[in-house]
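Mind looking over this structure? Questions follow.
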Amino acid sequence: MNFEPVVLFFVLGVIAGLLRSDLKIPGSIYEALSIFILLAIGLKGGVELAKHQVGDLLVDGLIIVLIGAVIPLVAFPVLRLLGRMSRADSASIAAHYGSVSVVTFSVGITLLGKELLDFEGYLIVYLVLLEIPALMIGVILARHGQGQVRWGKLLHEVFFGKSIYLLAGGLLIGFVAGSEGIKPLDKLFFDLFKGVLALFLLEMGLVASSRIAALREYGAFLAGFAVVMPLFSATLGTFTGWMLGLSVGGTFLLATLYASASYIAAPAAMRIAVPEANPALSIGASLGMTFPFNIFVGIPVYLWMAKTIHASGG
Amino acid sequence: MNFEPVVLFFVLGVIAGLLRSDLKIPGSIYEALSIFILLAIGLKGGVELAKHQVGDLLVDGLIIVLIGAVIPLVAFPVLRLLGRMSRADSASIAAHYGSVSVVTFSVGITLLGKELLDFEGYLIVYLVLLEIPALMIGVILARHGQGQVRWGKLLHEVFFGKSIYLLAGGLLIGFVAGSEGIKPLDKLFFDLFKGVLALFLLEMGLVASSRIAALREYGAFLAGFAVVMPLFSATLGTFTGWMLGLSVGGTFLLATLYASASYIAAPAAMRIAVPEANPALSIGASLGMTFPFNIFVGIPVYLWMAKTIHASGG
Amino acid sequence: MNFEPVVLFFVLGVIAGLLRSDLKIPGSIYEALSIFILLAIGLKGGVELAKHQVGDLLVDGLIIVLIGAVIPLVAFPVLRLLGRMSRADSASIAAHYGSVSVVTFSVGITLLGKELLDFEGYLIVYLVLLEIPALMIGVILARHGQGQVRWGKLLHEVFFGKSIYLLAGGLLIGFVAGSEGIKPLDKLFFDLFKGVLALFLLEMGLVASSRIAALREYGAFLAGFAVVMPLFSATLGTFTGWMLGLSVGGTFLLATLYASASYIAAPAAMRIAVPEANPALSIGASLGMTFPFNIFVGIPVYLWMAKTIHASGG
Amino acid sequence: MTAQAMLLLTILTEEVLEDILIKEIMALGAKGYTISEARGRGTHGLRTGKWSAGGNIRIEVIGDAALCGRIVERLHANYERDYGLLMFTSAVEIQN
Amino acid sequence: MTAQAMLLLTILTEEVLEDILIKEIMALGAKGYTISEARGRGTHGLRTGKWSAGGNIRIEVIGDAALCGRIVERLHANYERDYGLLMFTSAVEIQN
Amino acid sequence: MTAQAMLLLTILTEEVLEDILIKEIMALGAKGYTISEARGRGTHGLRTGKWSAGGNIRIEVIGDAALCGRIVERLHANYERDYGLLMFTSAVEIQN
């Protein structure tokens, strides 16, 4: 197994939560850690992007977004028909799974570092691109035939919500500054990245442990969905990455991106745009189930998938 | 143009504010960042000071403080007579402009690092010295002929207010510890300095964007003052530095110090000492206008001024 | 004297408190700093522990814990009979002094680094082990012959209280990851340790200054106890360390551990388990008196003691 | 300094609604408002503020009965069904 | 939207008691509660929240007189002697 | 445990005044006070607490009508003109 010490901090947080330790990360520290992670990932992506012709990436980007849009469109009927969930809940959960998780992605990058595998740094751009259509599809699915969407408020929430905004802002600054200009910031944003990720995972564990309970109330179907859906999405991502000629590392990261489910941007956006959906369901599934599944089981499996397809295909 | 990536974080913050992004830096993180910056600057100054005979700097210091006192004494009649502002408002704004901004100064130091220019490290001491007379002059101007000044409370606010206290405390610790003794703290206070400054500028951008609006209400005069005043002060600083035989870097930093306006120490002190002054005016001018003017336009201009005077004078 | 710059930050905090500066460290930042310190110390201990056979340390550990239990058992009758304090207060204070202070210990480690002395890294394990019996003895002493102890709540408070939990969790993660696996986290947890300790000491100084006043109300006896008790405990620790064949550094650290008094874990646990004890007394003594005594006077003395006993015994 | 009888309307609701509700409240004629952070439990479950969009806020508005009635009516109609929301009034005397 | 008269019980006490009191309050039949941070001074001295276990919390419970009476009685009996504790009720009208 | 009728005086004002007002309030005879953080908007504009000296605090004092009257009078005279300040009282019953 590909063992990564940072995920132990997640375990530490889960156990603290289950045992009702008085350990808690203050809300403002959680905010600061997430601002740090979003900016750092954005900066890293921007520095990488600066090494490429942006034009070359456009076609790839379009393909990746279009195939990514398949995920919520598959998730919705599964939840609605197999799971017999309400239209609003199905749409909201579909949006969460079509959207992505920056932290899952970061754990993936961390594993590549450990395995000494390279990856296409500009993939970070797709972190931003994938979020937007997923949330819009979620709202359309929820409102289909009811036509009272607050598009203005929603689009604003999506584009200027802090996660997209900081990722995109970091990308731009990294792109403009380039790897030379960003050097004086390296000591904060790059050297400390993994340590900060560890602390963030500690907090995620604390929260996830409370979400697992919430999920239990809603039965086996949703729990099963939260495990099968990322496997399906990762398979889609593995093929897409391989087709587009990405490296093993890049293919793995795209699979991880597709497989990850949002628990920062999507919950806030859906609470405003589809208020009748129950947030305990979507956050319970994405954070209580899919997130730990991905970091412990999924990520090693996706790496194996990427290696296998490249070995067979090469 | 002398382009510095950290100022892009200020832009990122301003845009987030203008577009009403939900991005916000929690108050306690803002507090922590400012404690860090004040201590780090103080420590740096103290380490530099330890390399000199303190006595040698006394005369220079006296000259710099006396000339610095010209700034509020010029600003007051301009605001009162040309701007037709109330006595209290004129005095309070004058105190803000006589006082200094640690962050503006830090951006200046950052630029020198990029330009590979040295500077007299002990200049940081004047950061502390300049603050005090400016605030006292402000109060005297406001109370002239009304004689009900709460001097006790004010002096306490000034000397033991956190900004002066941390700067002076850092100076002392740095001075006592010296560059050897401070080594184990370098990794936190010096290596991360620029990254922390970037985060602080992000928050400053968020706040400044709300202040620009406040400023707009008060018309063109104050906005003009907020641009012309720093240019005047910087000119004063350039000549003073050059006269005192400072290096190009030192001359530039003294000009930047004079040109900068306070938005941490002065607002708190003036709110207590001159409560009838409208804080929206002084903070709007110093933070909403002069601060961005200085970091984008002023600082490159002041560097050019310092180079020019040294080239012609040398 | 063995002068360490980090302790100057404590002085800076004390003075700010005494002079009523408006400097304050937000509560959430204090929480974050303490989480960082506990985790970092735990990780460091775990990495060291991984280099040893855990079995070899068991007998040593047992001896250290048993001798450590002498401390509260001596402190209790002294407080009760000499100090004429109530049973509850005597028991609670005894528990504080039997328990340990992570920050005092950290200042000790910092001094060893400066003196270029090695120490047995696994000593950090005893930080965890010493806390537990001390708190239990405190409760037994308080409740002796009254038999209404909330053991469940207390044990939970002790084991899953955040300080023990984070120390133990860090130990485990460090142990599992080993010095290779922990490398990517070094930049955060080890390189920044001393800087963070400095900031924490600043906050401790702020709080301690308010506690000194509280202590003054309760007269000279408690103040004397707060100075004599750590000297007694340190002597006990010096002999124990020397008997067990620890190095000079290890002997010194064990003395420092014994001499230190708790002000994080113990106050919270005692407030729940022995609510009729006055917390101002125990925190006043441990934080207002013993903590500064240890870092300024005690620690240099304990180092001298360790060197002396090794010189004479060798 | 003659005291003036008024109503204090307290609204306990979800943090995500802050901007939206403030706009509505001011549009309905309130002269001001005060916001503070809170957490709690009600019929919509536990809201600890430990997760993004998971905390409560307390919005307080002082006004006459008519204003409070308008605000209650509007919030009741638009947010009661989907959001955690508790509103109550009490009698206060303004002392300014 | 007919307003309903109720009591608001406000409890100001030490942070360390949060978990314990919440359990007691819910067990006594409360339908919900709201918590916020506070600091202050009373007969037990200054509580600034500047040290572990040194802050106050405000617990608010809305309920009928019987519930509030039960809570007051229980807290009075168990915590009044050893902990900083202030309880008071005021009349409110629920507007949901 | 006989309830005792009292007034709760709530003061919403600027953070910078905290130390000064606490001194005045205690000097006027208050037995205690409670402080919590707040933000808001009133006739003195928006106070979000997002900038140094930019936040509000809520000071609550429980006392009899005479004490509350003295505090109101003093604060009215000294701070009303230059600072954001809102004061109101409500009837409460102490339950300790």
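Lettered A, B, C, D, E and F in written order, each chain numbered from 1.
The rule is simple: contacts are C-beta pairs under 8 Å (C-beta built on N, C-alpha and C of every residue); 3 or more make two chains touch, one makes a residue touch a chain.
Treat the numbers as computed from the prediction; the structure is a model and nothing was measured.
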item	value
Labels of chains that are neighbours to subunit B and to subunit F	none
Other chains in touch with both subunit A and subunit D	none
Graph distance between subunit A and subunit E, where chains that touch are linked	2
Distance-maximising chain from subunit E - centres being C-alpha averages	B
Contact-richer chain pair (by C-beta pairs counted) among D-F and A-B	A-B
Far-end chain from subunit A, centres as C-alpha averages	F
Euclidean distance of C-alpha centroids - subunit A vs subunit C, Å	41
Centre-to-centre distance between subunit E and subunit B (centres being mean Cα positions), rounded to whole Å	46
Distance from the mean Cα position of subunit E to that of subunit C, given in whole angstrom	34
Shared interface positions of subunit A, touching two or more other chains	24, 26-29, 192, 268
Contacts with 2+ other chains: residues of subunit E	36-37, 90-91
Contact pairs between chains, per stated definition	A-B, A-C, A-D, B-C, B-F, C-E, D-E, D-F, E-F
Parts of subunit F lying in touch with subunit B, wherever the complex brings them together	14, 16, 20, 45, 48-53, 55, 79, 81-83
Subunit E residues touching subunit D - in the complex, by the definition given at the top	1, 3, 6, 8, 26, 31-37, 62, 90-96
Subunit A residues touching subunit D - in the complex, by the definition given at the top	24, 27, 153, 206-207, 210, 263-264, 267-268, 271-272, 275-276, 279-280, 283
Subunit B contact footprint on subunit C (complex, rising order)	3, 5-6, 8-9, 12, 15-16, 19-29, 110, 113, 191-192, 194-196, 198-199
In the complex, subunit A residues that touch subunit B	26-29, 31-32, 35-36, 156-157, 160-162, 165-166, 169, 172-173, 176-177, 181-182, 184-185, 187-189, 192, 268
